[in-house]
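Before any comments, here is the structure.
Chains here go by letter, A, B and C, matching the order in which they are written, and residues are numbered from 1 within each.
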Amino acid sequence: MMKISQEKLATFCGIISAIVPECRLTIAPEGWNTQAVDTANVAMVSANLPKSLFEEYNEGEDKVEVGMDLQKWKNMLTVMNDPKSIIEIEQQKSAGKIRITDGRYTYLHTPLDANTVRKRPTMPLLTLPAAVKIEAKEIQEAIKALSVIGDKARFTCSIKGGLALDADGDTDHLNKVLTALDGSKFPDEAVSSLFSLDYLRDMTKAMKESGTITVSSGHNHPVRFDFEPLEGFECSYLVAPRIEQEGD
Amino acid sequence: MMKISQEKLATFCGIISAIVPECRLTIAPEGWNTQAVDTANVAMVSANLPKSLFEEYNEGEDKVEVGMDLQKWKNMLTVMNDPKSIIEIEQQKSAGKIRITDGRYTYLHTPLDANTVRKRPTMPLLTLPAAVKIEAKEIQEAIKALSVIGDKARFTCSIKGGLALDADGDTDHLNKVLTALDGSKFPDEAVSSLFSLDYLRDMTKAMKESGTITVSSGHNHPVRFDFEPLEGFECSYLVAPRIEQEGD
Amino acid sequence: MMKISQEKLATFCGIISAIVPECRLTIAPEGWNTQAVDTANVAMVSANLPKSLFEEYNEGEDKVEVGMDLQKWKNMLTVMNDPKSIIEIEQQKSAGKIRITDGRYTYLHTPLDANTVRKRPTMPLLTLPAAVKIEAKEIQEAIKALSVIGDKARFTCSIKGGLALDADGDTDHLNKVLTALDGSKFPDEAVSSLFSLDYLRDMTKAMKESGTITVSSGHNHPVRFDFEPLEGFECSYLVAPRIEQEGD
C-alpha cells in the first residue's frame, strides 16, 4: 500500500503524459520509475519518483510492472481533485486491479497489461558539448512565444553566452536569448540544432514549475532537459532534432 | 404588474430549463407555477414560486397560462444581468405581450401560445422507501465526478447508512458514498436503481445552491429530488430509471 | 527609431483591426496615421497616433508608407505581452524590414508591400444633424445586449433627449435609451437609421476604454463615432446604414 499527495501524483502523471498516452510503470522497492518514447520516436521521457516522496510506501521486495493508461489516471485525478489530499493506492494483485481512494471517492482501476504497452526505450548516452542552466519558467514562456510565429525552433549555443532560440514565420523572425545561470557549460565552438515546437511546448509546460533545469545540446543532435520537479524526483526529456531538408 | 429580483427570476428559469426548453407557466393569484416533462419522458420538473418572493405582485383573481420559451427568458436575463436589479413584468393582455424592464433595458416579449406547448404532466404519486437528506453541493460534485468515468450512475440506499453512487467505465469503477443528514429515512432492505448521468448533471447543477435536498429512491424506481432553492419556492425533479438490458 | 509602450501600440492596432486585417500605415514626421475601409465597403476607420504618445520618435522628414498586416502585429504583441514594456521599432530601409524589440524578444518583421494593400479611402464629409455624447462603456454594453436579441440595431435620435437603440428578434423587441451627456447636439426632427450589429460590436469593443465618445447620426445616413482612446490620439469609425427592403 502506498500513500502520496494528489499534487505529487499529478506532477508525475503530467510529466509522462506530455510525451506518451501510456507507459510501462515499474513499482519497485525504491519507488516508481518509467521510461517511454513517443510513437514517432522523436521524444523520450525518463522519470524516477523516489519512495521518499510518498507519505507511506509499504511495498514488498519485488518489482511489479503495470501498464499505465495516463488518461485514466488523469481522469481519476480530476475526480480526486484536491491537491492537498492524500491518495491511497493499493495493488489487488489477485484481482489484477488497483484500488485508489482519497477518502471521499474510491476508484477501482484495471491497469493495462504491460505486455500490450510499447517497451521501454534505452535512453541513449549522449555526450553533448553544451549544458546550459536555465529558469524553467523562462524557457516555457519563450517556447510559447516562438509558437506564435512558427512551428520549429533553432537552439544555438555559442562559445560564451546564453542559449539563443530562433523561430521563422513565413516572412518574420523571432529571437530570444535565454539567460544562462551559474554552472552552465558552453561548447568550444557554436552548436545549433532545429526542433519541432509541438514537442517542446508540451514538455516545457510540464517542466515549468521545476525551477532551474539543464538544457544539454549539440550540433544537429538531440536536446536533453534534466529537471527535478520535486526534491529527489529526477526526470529527463530527450527530443530528436529535425533533419533539415532543402525547402525547410 | 409584478416585480422580482433578477437573481430570483434567473433561479426560477434555470430550474425549469435544466429539463425542458419550454413550458406552460401559470400566473396565479398565489404566484407562479409549472410542471413539465422532457421530450423523452425521462425527467419531470415541478416548480412553485410563491407570491412572497416577489417585491410586488399585483395580479387579478384570474389564473393566466402562458407558453414560456425558456431560451428567450434566459436571453433577456443575459441583457438584464445585474442580480440585484428589480425586474418589472407587466402583462399587456390586449396585445398578447409581456413588457419586461429593469429600468435600463425594456424588453417587449411575445409569449408562446400555451396550446402549442406540451401539456403539463401529472407528477406520479410514488411511495419510495428511501428518503435521504443530502447537501446539494455534495451530490452535484459527485455527479460531475461520476460523469468523468461513465454515463450512468447507480444509486444504492442500504438499510442504515448513506446513499452510494457508482459508475462504471470500460475497465474502471468509481464509488462515492454521500453523507446522509439528520431526518433521512432508510429502507427496510437495500434498494438500487440506475440513471443516465446526462439528466442528473443538469439537475444537480441547477439545484446546487439549494442547501439540503431530499433524494427519494426505490428499487428500479424513479428518483425524486425535493428542494427549495429560495425560501418557500418548492421544487421537485423526477427521473425515470434506466431499464437494464443484457449488455448494459 | 521609435519607442512606444506596448499598451499604446496594442490600442492602435486594436482600433484598426476591428475593421480591416491590413492597412496602409503612414509613418510621418508628426506621427502614425492610417485610413481604411473594409472589403464590404460598410465600415471605415481613421486613426492618427501623434508623435507625442511615443517615448522617442526619431524619424526623418520623409513620410514612409508601409503595408501593415494587423495579425502579424498582434502576434508580435502576444509575444511582447507586458503592457508596461517599451517597444523599440526601427525601420531597416535597405533590407525592407522593421526590427522590433522589447528588450526580451527581438522580432524581425517584413511589412507588406503597401501597393498590394487596398488604397486609403477618402472619409466622406458628412453633415449629420445629431451629435450625441455618450459613455463608451455604456454603448458597448448596449450593443452587446442588443446582439443577444437580433442582428441589426436602429439608432433613433429625437428632438430633445437621448439616443435610443432598438433591436428586433423574431417575436421580441429590446429597447435601450443611452444617456446623452453635456454638449450633445440634437436634430430639428427625429432621425433614425438601421445598422448591422456585427460591425458595431467590434467597434464598440475597440472603443470601450475611450471615455466619452461622440455619436453623429442622421436619417438613413451613416453613423460616425469620434473618439480619443489616448490623449491626442484622434480616431473615427464610420458605418454605412442598412438599406431597408421589404421583408427586413
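In this section, contacts are C-beta pairs under 8 Å (C-beta built on N, C-alpha and C of every residue); 3 or more make two chains touch, one makes a residue touch a chain.
These figures come from a predicted structure and were not determined experimentally.
S.K.: For the sequence-identical pair subunit B and subunit C, determine the rotation angle of the Cα superposition and round it to the nearest 5 degrees.
M.R.: Roughly 120 degrees of rotation.
S.K.: Over half of interface residue numbers shared between subunit A and subunit C means same, under half means different, so which is it?
M.R.: Counting which numbers both chains contribute, under half are shared, so the two copies meet through different residues.
S.K.: Taking the mean of the C-alpha atoms as each chain's centre, how many Å separate subunit A from subunit C?
M.R.: 46
S.K.: Which subunit B residues reach two or more other chains?
M.R.: Counting only residues that touch two or more other chains, subunit B contributes none.
S.K.: Which subunit A residues qualify as touching subunit B in the complex?
M.R.: Subunit A residues touching subunit B: 72, 75-76, 78-79, 104-110.
S.K.: Which residues of subunit B touch subunit A once you look at their complex with the stated criterion?
M.R.: 145, 148-149, 169, 171-176
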